[in-house]
Amino acid sequence: MSDAVVPHRSEAHAPSGRPDIGWFKRALDSDIFYSFRRSKLTMAAAAVTLLFFLLAIFASWLAVQNPFDPAQLQLINSRISPLWTADGQSPFLLGTDEQGRDVFSAILYGLRISLTVGVLGVILSGALGIALGLTAGYFGGMIDGVIMRIADVQLTFPAILIALLVNGVAKSLFGNRLDEMSMLGVLVVAIGLSFWVQYARTVRGSVMVEKNKDYVAAAQLIGLPAPKIMMRHVLPNTMGPILVIATINLALAIITEATLSFLGSGMPDTMPSLGTLIRIGNNYLFAGEWWIVAFPGLALAGLILSINLLGDWLRDALNPKLR
Amino acid sequence: MTPPVLSVRNLEVEFVTRRAVLRAINGVSFDIAKGEVLGVVGESGAGKSVTGLAVIGLIDPPGRISAGEIELSGTRIDHLPAEEIRRIRGKRIGMIFQDPLTSLNPLYRIGDQIVETIRTHTNLSETAARKRAIDLLAEVGIPAPEKRIDGYPHEFSGGMRQRVVIALAICAEPELIIADEPTTALDVSVQAQIISLIKRLGRDHGTAVMLVTHDMGVIAETCDRVAVMYSGRIAEIGPVQDVVRNPLHPYAKGLMGAIPTLAGDDKRLVQIPGSMPRLSAIPPGCPFNPRCAFAFDRCRVERPEPIQQGAQSVACHLFDTAKETAA
Amino acid sequence: MLAFTLRRMLQAIGVMLAVGIIAFAMFRFAGDPVNQIVSIDTSAAERASIRQSLGLDDPVLVQFGRYFINALQFKFGVSYQFRLPVANLLMERMPATLELAICATLFAMVFGILMGVYSALRRDTMLASLFQAVSLIGISLPTFLIGILLIYLFAVTLGWLPSFGRGEVVKLGWWTTGLLTLSGLKALIMPSITLGLFQMTLIMRLVRAEMLEVLRTDYIRFARARGLTTRAIHFGHALKNTLVPVITVAGLQFGSVIAFSIITETVFQWPGMGLLFVQAVQNVDIPIMAAYLLMVSLIFVTINLVVDILYTVVDPRLRSTVGRTA
C-alpha cells in the first residue's frame, strides 16, 4: 500500500533534457528545503556561525583593548556597567570587569581561544579516529578487536570525564611549568582523546563494507595495491558522515573546553576563553554585576546553538539514515 | 429485502502529498451479502488493501475518503465521527492483517490482548471474558487453549499466531470480516488450514467475508464471488466460477494465466507485459490500455464504466457494443 | 538467560580490569607517590627506603596486583591534599552525589516522558513545537550556564532558593540525607533541574521518536482495527512498547548523570564526589582521581548490568531467546 503512494521524485521532477542544470536545482527542490522556515533558521545559523568566526579572526582590530595585556587594563575603569545603562561609559560597550577589562574585547579574544581549541580538537580527534578506524577495519582480527573494545569502553564514559582526567594527568606530569599556550595544547589533546570513537566506528564500518567487494579482490589479483584503491572508495563514502560528526563535535568540543575552563581546569585567567570568562564573571553575580557573566554566556550559547543547528541540517542533508 | 452486509458505492480514496493528489481508489462499487465470501484480487498497489482499510475507517491522513458511500447492513459508516467508527471496528467488522508475526503486540500475553478486545466491546467481566477467550482459541483450533492463553506472541508459530489474530477478529461476533492477504506471510502448508478456517467461521456464523489476496487458487477454492482490481478500479466482478473460467476483461484474462491464442483452441500461459502504472502516472482512459493487447483509440481517451454481462460486470470498452458501433 | 547474564558479567569484569589498569597507571606513573610523602630535604637514601617500603621497586605486575587487591577492599591510598584515606573521603561525599543524581534522573524521566509522549501524539500543536525548541536549547546550553542562569533568577533576583550547598542534612547511619529537611529539599531543586535538563531533553527526543515509530507498527494498526479506545492504544500498547528502549537509555544515562554531576556540583558548591574530583584535578591529587575513576566505572558497569537484566524482564521475547542466540 505505501509503496503505491510514494511520489517518485526522480521521474516527476528531473529537469528532463537538461540534466546538467543540475544537482543544485534538484537540491533546492529536495525535501530538505521543503520547510522554508527551517531552511531560514539554518541560514540564520550559518550566518551567525560565520559572524562568530569573523569576530574571532579580526578580534585584534575590533577590540578596544588587548584584554591579555595587563598594561592596557586600568583599575579606574573597573566594574563599569554596559553602555546603555545609566552608568555606562564609552568605549566599553558591554561594560568592564573587576580589573577594568572591557567585556566586549574579552569576549572577542575568548571567542578566538574557544574556537581555536574547538577546531584543533576536532581536527585531532578526527585524524585519530579516521586513522584508528582505517587500521581496525583494514587489518581486522586482533588489532580490530583491541581498538574497538577500547572504543566501546570509552563510549560508556562521558567525554568531559575523560578530558578532565587527561588534563589532571598532564598537570601532574608537567607540574606548574604549563604556560598558557601549552595549556591550550593540553586542552586540544584532551578533546582529541575524548571524541575519536565516533569517527573510528564510522570509518571502520565503511572499510568493512568495501573490503569484501569484488573490485578489491580484482585489484589484488592484477597486482594493484588494494589499500590505495580502497582509500579512494572509502574516504569519499565516509566524507558525508564525517563532516556531520565533525560539525556536531565542534559544538561538543567548544562546550567541553568551556566546561573545563569553567571548572578551573582549562584556560587560565591570564588568557581566558569564554568558559574562563564565565567562571570569573560568576563570582560577581551576587554583587549584581550580571554583565560580566551574561555576555560571555550569551556568546557561548549562541555559538553552540548555531553550530548545532548547522549540524542538524547537515545531517539531514547529507545522510538521512543517520537521523 | 434485507440490505447486503456491506455495500460500497463509488468509493474514492485520495492521498494528498505535497506534490500531487494521488487517487488510490477511483470509483469502486461492490456488495457482500450475509454469509458470502467476496475475493478481491489484483497486483500489489491495485488498491485492494486500501479498500479494506477504507471500509473499516483506518485511512489515515494524508489519505482520505474523498467520495462515495459505505453502508454496513443499511447504515452509512463512512464519515462517522472517530469515536463511533471505533465502536464498529472490532465489534461489527473484524479485520485480519497480512503478517501475524507483527500484528500482535509482542509485550502482551495473547490472552490479555483477547480479553482487552472482548471487554472493549461487551460488558463481560474479566473472568467471563477470559473464559470466552479460551473458547475462541479452541474454536480457531489452538490446542490446549487454557494453557496457551498465557503465552506471549513469540511463543507461537506463524500459523498459530494467525489463528490468534483470527480469534481477535471474531471475538465480538462481527457481521463482516475483512481478511487482508491473511496467508501471504505463512508457509504453504499452513495457508490451506487458515483459509479453510476463515471459510468455516464465515459459514458457521453467517459472517460476510471480504478476502483480499493475490492468490487465484485461494479465490477459486474459497470465494463465492470475486472482484479483480486494477489501478484503484474494479476491472471485473462476478461469481467466482464465471470469472475464473470465463474472464471477460483482458486484464482478468491475463491474471487467470490464460489468454486465448489466435488459433483458438490451445491455451498457453502468458505474462501480462509491463507493470501496473504508479498512482502518480495513471494514463488517461482505461488505466490498463498501455498493456492491453486489444486496446483501441477509445481506451486511450475515455474511462470505461462497468457493463453488465450476464452475472459478471466488466469495465471494458470491448463489451460496450452499443457505443462501439456508434463510434 | 543464565548464560546471557554470565556473559554480561564477564564483560563487566573485563571493563573494570581495563579501567583498573588505567587507574593504576595514573596512580603509579602520573604522580610519584614518594614526592608526595617526603619533603624537599629528604636524602636520596631515605627516598630509596621509602620506595622500598611502599613496594615501588617491585615488578609492575606485582604492584598492579597489590593495587587491585587494595582497590577490591576500597583502599585507594591517601589523598595528597587532605592527608586522609581516599575511601573515607569518597564515602562521606557519596550520599550527596547519589541523592542529586537520583532526583535529577527522576526529574528527567518524568518530564522527558511526558513531553515526549505529548509531542508524539500532538505533533502539530504549538506546545509540541515549544517542547522541540526547549530540547534544542537543552542540548545547546552548557550545563554550567543553565546553573548560573537558575541561580541568578531564583537565588539572586527572587531569593526563593539557596544558591549553594545541601541545606540541613540528617544523618542516617553513615548516610547523610537532605531529603528530610525543608532546607535540604529546597537546596535540591535547582541542582536537580540543572543536572537533569540535558537528560530530560534526551529522553524527550527518544520517547517522541520511539513513540512515532511504534505508532506506525502493524500491531498498533491491528489494535485500532480491533476497535480499542485511543487511550488504550496510546497509553497501553504504544507507551509500553516505547518505554522498553527508553528504560535502557535512561538507565545507562544514570552513569552519565553521576559523571556530569561534576559540573553541577561545582556550580552549586554541592558537597559531593564530583566537587571532590574537580578539586583533586586542580590540585593534582592523583589518588582521588584514580579512585573516583574506579568508583564511577563501578557504578557504570553495575548499572549496565542491571539495565541489561531489567530489559529481559520487561521484554518477554528476550527472556527465552537472548540466552540462545547471543
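For reference, chains read A, B and C in written order, and residue numbers begin at 1 within each chain.
The rule we apply is simple: contacts are C-beta pairs under 8 Å (C-beta built on N, C-alpha and C of every residue); 3 or more make two chains touch, one makes a residue touch a chain.
Just so we're clear, the structure is a prediction, and the values are computed from it rather than from any experiment.
S.K.: Measuring between Cα centroids, which chain is at the maximum distance from chain C?
M.R.: Ranked by distance of C-alpha centres from chain C, the top chain is B.
S.K.: Any idea which two chains share the most contacting C-beta pairs?
M.R.: A-C
S.K.: What is the distance in Å between the mean C-alpha positions of chain B and chain C?
M.R.: Roughly 54 Å separates the two chain centres.
S.K.: Centre to centre, by mean C-alpha position, how many angstrom separate chain A and chain C?
M.R.: Roughly 25 Å, centre to centre.
S.K.: Calculate how many whole Å lie between the centre of chain A and the centre of chain B, each centre taken as the average of the chain's C-alpha atoms.
M.R.: 55
S.K.: Which chain A residues qualify as touching chain C in the complex?
M.R.: By the definition above, chain A touches chain C via 149-150, 153, 156-158, 160-161, 164-165, 167-169, 171-173, 175, 251, 255, 258-259, 262-265, 275, 278, 282, 285-286, 288, 290, 293, 297, 300-301, 304-305, 308-309.
S.K.: Which residues, counting only chain B, touch chain C once they are in their complex?
M.R.: 56, 58, 82, 86-91, 95, 97, 99, 102-108, 116-117, 120-121, 152, 154-155, 165, 168-169, 172
S.K.: List the residues on chain C that touch chain B in their complex, please.
M.R.: 217-219, 221-230, 232, 236-237, 240-241, 244, 314-317, 320-321
S.K.: Give every residue of chain C touching chain A within the complex, in rising order.
M.R.: So the residues of chain C touching chain A come out as 15, 18-19, 26, 30-31, 136-137, 139-145, 148-149, 151-152, 156, 163, 252, 255-256, 259-260, 262-263, 266-267, 277-278, 280-282, 284, 286, 289, 293, 296-297, 300, 304.
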